[in-house]
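Structure record follows, encoded as C-alpha cells.
Chains: A, B, C and D, in written order; residue numbering restarts at 1 for each.
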Amino acid sequence: MIADTQPQALNFECETGNYHTFCPISCVAWLYQKIEDSFFLVIGTKTCGYFLQNAMGVMIFAEPRYAMAELEEGDISAQLNDYEELKRLCTQIKRDRNPSVIVWIGTCTTEIIKMDLEGLAPKLEAELGIPIVTARANGLDYAFTQGEDTVLAAMVQRCPDKPVGEVEKEERNSISKLLNFGRKKEDVAVTESEYAKHTPLVMFGSLPDPVVTQLTLELKKQGIKVSGWLPSKRYTELPVIEEGYFVSGVNPFLSRTATTLMRRRKTKLIGAPFPIGPDGTRAWIEKICSALGVEPKGLAEREAQIWESLEEYVKLIRGKSVFFMGDNLLEISLARFLIRCGMTCPEIGIPYMDKRYQAAELALLEKTCREMGVPTPTIVEKPDNYNQIQRIYAQDIDLVITGMAHANPLEARGINTKWSVEFTFAQIHGFTNARDVLELVTRPLRRNNSLKDLGWGKLVKDAKV
Amino acid sequence: MKLAYWMYAGPAHIGTLRISSSFKNVHAIMHAPIGDDYFNVMRSMLERDRNFTPVTISSVDRNVLARGSQEKVVDNITRKDTEETPDLIVLTPTCTSSILQEDLANFVQRAQIDTKCDVLLADVNHYRFTELQAADRTLQQIVQYYIAKAKKKGQLPEGKTEKPSVNIIGISSLGFHNQHDCIELKRLMADIGVEVNAVIPEGASVLELKNLPRAWFNLVPYREIGLMAAEFLKEEFGMPYVDITPMGVVETARCIRKIQEVVNAQGGDVNYEEFIENQTLYVSQAAWFSRSIDCQNLTGKKAVVFGDNTHAAAMTKILSREMGIQVVMAGTYCKADEKWFRDQVSEYCDEVLISDDNGAIADAIARIEPSAIFGTQMERHVGKRLRIPCGVISAPIHVQDFPIGYKPFLGYEGTNQVADLVYNSFTLGMEDHLLEIFGGHDTKEVITRGMSADSDMNWTKEAQLELNKIPGFVRGKIKRNTEKFARDRNLSEITVEAMYAAKESVGA
Amino acid sequence: MKLAYWMYAGPAHIGTLRISSSFKNVHAIMHAPIGDDYFNVMRSMLERDRNFTPVTISSVDRNVLARGSQEKVVDNITRKDTEETPDLIVLTPTCTSSILQEDLANFVQRAQIDTKCDVLLADVNHYRFTELQAADRTLQQIVQYYIAKAKKKGQLPEGKTEKPSVNIIGISSLGFHNQHDCIELKRLMADIGVEVNAVIPEGASVLELKNLPRAWFNLVPYREIGLMAAEFLKEEFGMPYVDITPMGVVETARCIRKIQEVVNAQGGDVNYEEFIENQTLYVSQAAWFSRSIDCQNLTGKKAVVFGDNTHAAAMTKILSREMGIQVVMAGTYCKADEKWFRDQVSEYCDEVLISDDNGAIADAIARIEPSAIFGTQMERHVGKRLRIPCGVISAPIHVQDFPIGYKPFLGYEGTNQVADLVYNSFTLGMEDHLLEIFGGHDTKEVITRGMSADSDMNWTKEAQLELNKIPGFVRGKIKRNTEKFARDRNLSEITVEAMYAAKESVGA
Amino acid sequence: MIADTQPQALNFECETGNYHTFCPISCVAWLYQKIEDSFFLVIGTKTCGYFLQNAMGVMIFAEPRYAMAELEEGDISAQLNDYEELKRLCTQIKRDRNPSVIVWIGTCTTEIIKMDLEGLAPKLEAELGIPIVTARANGLDYAFTQGEDTVLAAMVQRCPDKPVGEVEKEERNSISKLLNFGRKKEDVAVTESEYAKHTPLVMFGSLPDPVVTQLTLELKKQGIKVSGWLPSKRYTELPVIEEGYFVSGVNPFLSRTATTLMRRRKTKLIGAPFPIGPDGTRAWIEKICSALGVEPKGLAEREAQIWESLEEYVKLIRGKSVFFMGDNLLEISLARFLIRCGMTCPEIGIPYMDKRYQAAELALLEKTCREMGVPTPTIVEKPDNYNQIQRIYAQDIDLVITGMAHANPLEARGINTKWSVEFTFAQIHGFTNARDVLELVTRPLRRNNSLKDLGWGKLVKDAKV
C-alpha cells in the first residue's frame, strides 16, 4: 500500500548536528489528557521530571494523572529490586487514582541501565489486576513527537481483535464500565444506511476530540465509516482491530505504529498525505476513498471553497519565504501546505525522516513545488542549529518556524518566528482548521510589521551572529 | 524509586548551567541525549532572554553509545571555541554521563590541548546534588579556578578598594526575582556608601574574578547559592562575608547593621542607624502598613509558609514579627540545610516541616486550613483546590516570577512588594468570602439584560455535546455565530455539521 | 432623575477637597449635613494617609436650617484658623449649600475679617461639574488667587531658572496611581536634565505658587486635572505647556520630544533622541515584550478599553499600536471632553463609546465578548460576570489603586508595569481556559487524600442548613471542630445547639 | 414597660461639635443583603451615591439590588414631575430586577426640597402593583445606624396584623411564593410543647441570620418562643404583629421603631439592656422572661461559663482604658461590657442619646461601674472630634474606638484604635458571640505590643497634635 515512487527532485541531507528539540516523553503532556482514564508513569530521573514540569509546563491539576518514578542512586546501582519498587509505586497509584491503565514511559536512563520494563509489566499487571502498557519514549532513539508513536505502537497490542461481547465486557474494570455506561451515545449517531459498504477502517493518531469529530464527518460525507480511533478517549474503549482492516495515520510521526499495525495485526495501511491544509485534506480523503473503492464527490469544490475563505491570510504570506528549523516532524506537511499558499521554502529541518511512511506526503510536496513553480526545499535531517542560523541570516528569511529555545533570540534580532510546538497543540487537521494554521503562521507577520514602523526591529546591541 | 508529582529543586545540571550561563562569554557543553538541553527553553521563555543561551548539547544517541563519546565531546568543545571564542567552556555532566561513567575529566584534558579558551569540568554528581547545591558548587569551582590561575600567574591585585566595597554573590540566571533584587541591592549599597566591586555570577566576566579580593566584604543574599564561594574567599583571603538576607524591614536593618560592623572592623567609620530609622519609619511603607488598620485586621490569622530556605525563613519572620500573623507551619524543601532553617524559624512558628514531598505538604495544609499560604507554585495549586489564597514567595520558578515591572523581594522596596503580596493574598480570600456570604441573596428571578447568549434555536443533542467540548471562554461566541449562520440560511436545527460549516464561513 | 448603579466620577466637592487637601497646610470647611465628610474616610482608608485629613464639616442640621448657617460657618472658619494656623482655608460648597442657595461668598468675606489665613470660596456648582472638572477649576482658582496676590504685592519673581525646568501640574490626593507616577516623572525629568521647579498641588505650599512662572514650561500629565491652571499660566505669562501623557513607549517618546522642542525654543540646546532610543530598546522592557513570543500570542485578540480620558486613550494606543491587540471599543466617561477623546483614539479602535451609564457599557462588552477588558472597577465586575479578565487602568479609585509597592503608569517604568498588566490579564484568562479544557478529564472516581473533611457524624437537617450558611472559606474548619467536639462528648448527632456549643467551647 | 429610674450617677454632656460619622443611608449596605427580595432606591445626589460606592464600599454584584435615583438640576428646580420621574425609574427596576418591595430612602436633599415621598408612594404602589416603603434616612435628623431605625419604623406598618391565611397568601407575589415555597422548613423546627404559654413576642432589629438563630435558641431554652423578627429574611415574610403582642429591640438605635410599634400597633415594649456581652445577654433574657412571666433558669451558670471561656481575652484588657469617639450608637452597650471586663472608660461619645429607649442599658452601665469600682464615664452627645483628640492625648488612652476617618492617623501617632464600624457588621450579639467582640477589641492591643518592641510606635515626623 505504500507508494514506491521516490520524489527524486527533493534533496535530502543529514547534517547530524547539534540541534534542539523536545524530549519524546513530552507526549505525556497531551496523551494523558487525551486518554481520560489513563495514568502515565515516567520512569526516569529528575532531569525528565523537571523537563515536564518546567519546560513543557505540564500543569498539576487537582487530581494529577501523571507522575515520575524517580530513579535514585540505589536504582541505578541495582541495589534495589526494580519489580518491587515499581510494584510499590503502582500500588499507590492504583489506590490513590484508580486509573483504567498505567502507561510506563521508559526513558534514556531505563535504556542505558537496561531496565526490563517489557518483562516486568505483564507480571505486575497480573498481580495488580490493572493493565500496564510499556513504551520506550527515550531520547536516544526518538525525537519529540515520536514519543506518541511509541505509546500508540504499544497500545496496538491492546486493541481487541473482535467486537466486545457481553462476556468480555464483564472482564473489564467494572467501575469504569459503570462510569462509561451509556457514553457511546455521545458519538456521532448515523444510520448505517448512509455509509457505503467497505472494509472497516481504523484511524490512528492522537487528535483533540473536536478534530476527531470533524475528520470523521468529512469521511462520512463520502459514505466512509470510521470504525474507531487509536487512541480512543478512554483506554476501556480501544477500537477493535481485525486482520484485514484498513488503517490510516493522521500524523506524520507514526511510522512505528503503522509498522506494528501491519506486521502484528495484519492490517492494510493506507499511505496518504496527511490531512493538513485543504490540499492535504483533499488528497487524504481521495487516497482513502480510492483504497476503499469509494468514488469521492464534491472534493474539488470543497477545497476551492476553503481556499477562497483563506485568501485574506494567504495574501499575507504569498511570495514570502519560510524556514523550518525542525522540531515536531510536522514539517513536511506544513511546508507543503505553505508552499501551496505561495510561499517559498529553502530548507526543511527535521529530526527524523521516514521516507517510506511519509512517501505520499513527500510526493505531494514535490508535486506542489512543481505546480507552484518554486524550487524544492532541501530536507535536512538532524540539522545543526548553529549552521542553520547562519543560513537564515544569509538567506534573509521572512519566517522561521522553530523550537522554543530559539524563538525569542531570533525575534530580538528582527527575525519573525513561530513556535513549532504550537502546531503540535493547536487544532490543525482537516478542512475546517486550515484557517487556524494560517492564523498561527501569519501572526508574527501581522504583528511585526507595525513594530518595524516604530523602529523596534532589533532589540539587541551589537548582536554577535 | 520515588513517586514524584512535583519537583521543588531541579536536577544538578540545571544548577551548573544557571551559573555558567550567568557569566558573560562562558559556554557550556552538555553531554546528554537529545532534549535534555531544555535549559535553553527556560532561559528563552521564562526569563525572556534576548540572546541565544550559551549552552550546546553534545548529544548521546545509539551511535555514540556504540562508538564512545570522547571524540564527539572534544569536537564540540573545540568547535564552540572557534565559533564563539568564549573565555571558558564548562563541560556539564548529566544523569546520562553519570550512569555511563564517562571519564569527562579526560575529555577536558584532551580538549584543552586544542582550545584557546579555558575548559573546566563541573564537579557535580547528578545523583548526589540538587540544582541549588550544584549551582553553589559550580560557582565556587569557577571562582577558585580563576583565583588559582591569577595567583599562579602573579596577577592577583594587592590591597582593598579605597572606599568600603562589596561583592554581591549569588545573583544568577533563572533565580527567583534575582534581577530586580540585584538592582535593589545595588541601590541599597549606594545609599549606604558602599561601592559594588563585583556582582557574580550574573553579568560578570570570569577574567575579572581575580579582582574579587579587593572588596572589603562579600554579601550573600541567598542561602542557597553563593555561600561556598564566600567561604572559599574567607579561607583564602580572610574576607568577611554577610549572609543575612535583607528581606523584610527587620532583617534588612540587621543586614545593614552587620555591614556596618564589618566595615568598621576594617577601619571604616560608618553609622547607618539614622538611615535605617528613616527608611523604616518614613520611606519604606511596610512598617506603616504593619501598623495601619488594613494590617490590623490580619492579626492572628493563620498562615502556612513553604519554600526554599531563604524565602521561607524570611517570610516566616516577616509574617510573625512584623505583621502579627500566626505562622502555624513553616517549611522548606532544602533538606540538606535543615538545621539552619530550624534555627531561623523555630521561634516564629508553631511547627516546622522539612520535606520535598508535595503530597505531604498538601496534606499538612489541608489539616491546618490556614487563611493564607505563602509558598511555591505547587502550594498555589493546593490553595486553589482548597480555596485558600496563596502568595508565591519562592522557586521553583514560573514565568510569573519574571515580571516586567520592578518587583524585588529584597531591600526596602522589597518590603513594600512583600506587604502588597501579603495584603492581596488575604483580601482576595476575603473578597471570595464576601461573595459567598452575599452571593446567595439573589433569590428573585433575574431578568438578564444584554448579557445572555440564549436563543430560540434548536441544537441537536450531538451538536450540544460538541458545543460543550468548547471552552466556556469562547463557547458563547461560537454559539452566537453558529446561530447567526443558521438563521441566515433558514436552518431549523443546528447539527454538528452546521457548527463546523459556520466556523468555516465566519471564521468563528 | 437618573437611575444609577454606579458613578464613574464623584461629586464636585470631592474634586475641590482633593485639591485643597493635596496642598500643604490648607484646610477645607464643608458646609454639609453630617456624614458628607466621607472624603476623610477615603483619605484615611484608601490612601492610608498618616495624617488627619484637613477637612472639617460645618454640619447642617434642623437647627441650622431653622436659624441660618452663617454664624456657624464663620465660627468654624475662625476656629480652624486658630487651631491649625493654615495658610489658606477653602470653603467648599456642597449639594446642600447649592440647594439652600446660601451666600457663601458673603460668609467668606465675613470670616476674612477675623482670620490670619487666606479664605477662599471654591467656585464650583455641584450640579454642573463632576469631581474631575471641580478639581481642575479649584486648582486653577487657587493658582490664580496666589499669582494675583503676589502680583499685587509686587512679589512675583523675575525671569526663569538657569537650567531648563518644569512645573508638574495635576498630581493630587486620591488620584489613580498619582504618587508613583510623580516619582517616575521626577526621575524622567532628572534623566533628561530638566529641573523640577514645582509639583502642584500634591505637597506644595500655596505660599510658593508665586514661583511657578520661573519654570521654562508646565507638564500636564493628566487630561482631567491641571489643564485649566496650565492655560491660565500660558495666558498670564506665555508659559508653554506639554500635555502629552507619557504613558506607553510611543507616547512617552512623543512627550519627551515635545519637551525638547519647548526647551530648545527658549534657547536650550538639548537632544533626547539617544536617550529615547536607549530607553525604548534596551532599558525599558516593554518594547522587547511587544516583540517577544509572549506578546506575539496576543496579536489580533480583541479588547475593550474604558476609563477616564487620560488612561483610556493611552491604553487604547498602547494595545493597538505597541501590542497589536485589536481594540474593538474604546470609551470614556469624561463626556465633557468627548471631542478630544475621539480625536485621540479613533485611529486605533473600531468603535467609540462616550457614556457614564455603566449598564450601557456592560451591554456593549457583553455584545462584543472581547478576550480582555481594560477598564475601571466596574468593568472588573462586569468581567467577572462574563468570565472575561479585566485589568484596572483608571479611576474611580479603589484601595488596590494605592499599592505599597512601586507601580507607576507613566514613564518608562510605567511601560513595564502596563506590559505586566496586559500580560497577566490575558494569561489569567488563558489559565482559566486551560482548566476548562482539561478540567473535565478526571472522569475516574477520585480517591481524595487528606483534603477531605468528610466523616461519619450525623448532622441534623437544621444543623446542616446552619452549616451551609457559613462561608465556604471557614466551613470546613467549623465542621471539623464541631465534629471533634461532638465526638469528645459522645454525641450521636450534631444539632444546631451543638454547633454553637462547640463554637463557645473551642472558639472555632 | 420602660424603666423609669434614671441612673443619676452618669454624666451627660452635649458638645454639639464637629464630628465625623457615616450618613444614615449606610443602612442600605446591610439591609439590602438582609432582606433578600428587596430593592433599595436611594433618592439623592451624586454625593450620596459616591458615599455608598466609595466610602462604604458597597459592592456591586451580578444583579445589584440597590441603586441611586440621582437628582439632577431639573429635579431640584422642580422642572420635572417627581411622580413621573419616580415612576419611570421604578418601572425599570420592576422590569429588570422584579423585587418584592422597593424601599425608597429619602436623603437630606429630598428633605430640603420637600419632596413628598410619603404622598407619592401609595399612588405609585397602586399603579405599579409592587409595595413601596418610604424611609427618611437623612443626615439632617439622623446619624449612621439610625437609618435602620427609619426603615424598620416604616416597615412596622407593613407587618400583617393577623396570621396569613390561604386567601391572603394568594394575594402576594406569586413568583416569590413559588420561590419561597417550602422555605419555612429552614427555620428551627420545634414542637410547640417545648414552649411556655406566653403572649406572642416579636423581636426587632436587623441581625445576620446565624445570630437570629442563636438568639432564638437562647430564648427557646427558657421556653420562650419568638413569633417573628423584623426585618425578616424576605419582605414577603414580615412577622404578624397583633395588638397586645410583646416586642423587644436587639439594637440600641431603634427608638423610633420602638415608638411606632407601641403607638401604631399597640404592642408592649420590653425595655431591656441589649444582648451584647454575657452580662447584657443575661440581663436581656431575664428582662424578657420577667415580662412574659417565665422563670429564667440556668442563666447565672451560663454567664459564668461564658466569662470563663473569655478569660484569655479579658486578661489582655483588664485595667486598660477605652475611649469611644462616637459613631454607631452601640457605644453604651459596648462600654458597659468592656467595663465589666475590667476596663475603665472616661468618655463615651455618641451621636444621639435616647435616654428613654436606652434606659435599661444606661442603668446597667451605671450598676456595672459601681460593681466594678470604676468611675462612670462621661457621655458626650454630638461630640467634637478635635476636642476629643486633645482629651485622648491628655488621658493617654489605651484603646480608642473610632470611625474610619480617624483610625489610621491615630495609629500613626502610636494610639491603638479599633474601627467602630466593625461592630456594626460583625456578629456581636448573644452569649456565643461575646468572644467575637473581644477578638475585635483586643486585636490592636495584641498587634501593637510587638510593633512597639520594634520601635515602630510612631510613624509621623513632628506630628502636629
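List of remarks:
Just so we're on the same page, a residue touches a chain if its C-beta (ideal position, glycine included) is under 8 Å from a C-beta of that chain, and two chains touch if they have at least 3 such contacts.
Only a predicted model underlies this, so the values are computations on that prediction, with no experimental measurement involved.
Chain pair with the larger contact count among C-D and A-C is C-D, by C-beta pairs in contact.
Rounded to whole angstrom units, the spacing between the C-alpha centres of chain C and chain D is 32. With centres taken as mean Cα positions, chain D sits 50 Å from chain B. Counting partner chains per residue, chain B has residues 45, 48, 50, 288, 292-293, 385, 449 touching two or more of them. Annotation for chain D: residues touching 2 or more other chains are 59, 61-62, 404, 407-408, 412, 459.
Taken as a contact graph, the chains fit none of the simple arrangements: neither line, ring, star nor complete graph. Within the complex, the chain C residues that touch chain B are 45, 48, 50, 285-286, 288-289, 292-294, 359, 362-363, 366-367, 369, 385-387, 399-400, 403-407, 413, 416-417, 419-420, 423-424, 429, 432-433, 436-437, 449-451, 471-473, 476-477, 480.
Contacts from chain D toward chain B in the complex involve residues 33, 36-37, 59, 61-63, 65, 95-100, 175-176, 179-180, 234, 404, 407-408, 411-412, 417-419, 439, 443-444, 446-448, 450-451, 454-456, 458-459, 461.
Listed in rising order, the residues of chain B touching chain D in the complex are 249-250, 277, 280-282, 287-288, 290-293, 295-297, 299-300, 321-322, 324, 434-435, 438-439, 441-447, 449. By the touch criterion stated above, chain B contacts chain A in their complex at residues 1-7, 10-14, 32-38, 40-46, 48-53, 56-62, 65, 76, 83-84, 94-96, 98-100, 126-128, 131, 378, 381, 384-385, 396-397, 462, 465-466, 469-470, 496-497, 500, 503-505, 507.
Looking at the complex, you find that chain A touches chain B at residues 18-24, 26, 43, 45-47, 49-51, 53-55, 59-62, 64, 67-73, 75-76, 80, 85-86, 88-89, 92-93, 108-109, 112-113, 138-141, 143-144, 186, 188-189, 209-210, 213-214, 217, 305-306, 309, 351, 386, 389, 403-409, 412, 431-432, 435, 459-460, 463-464.
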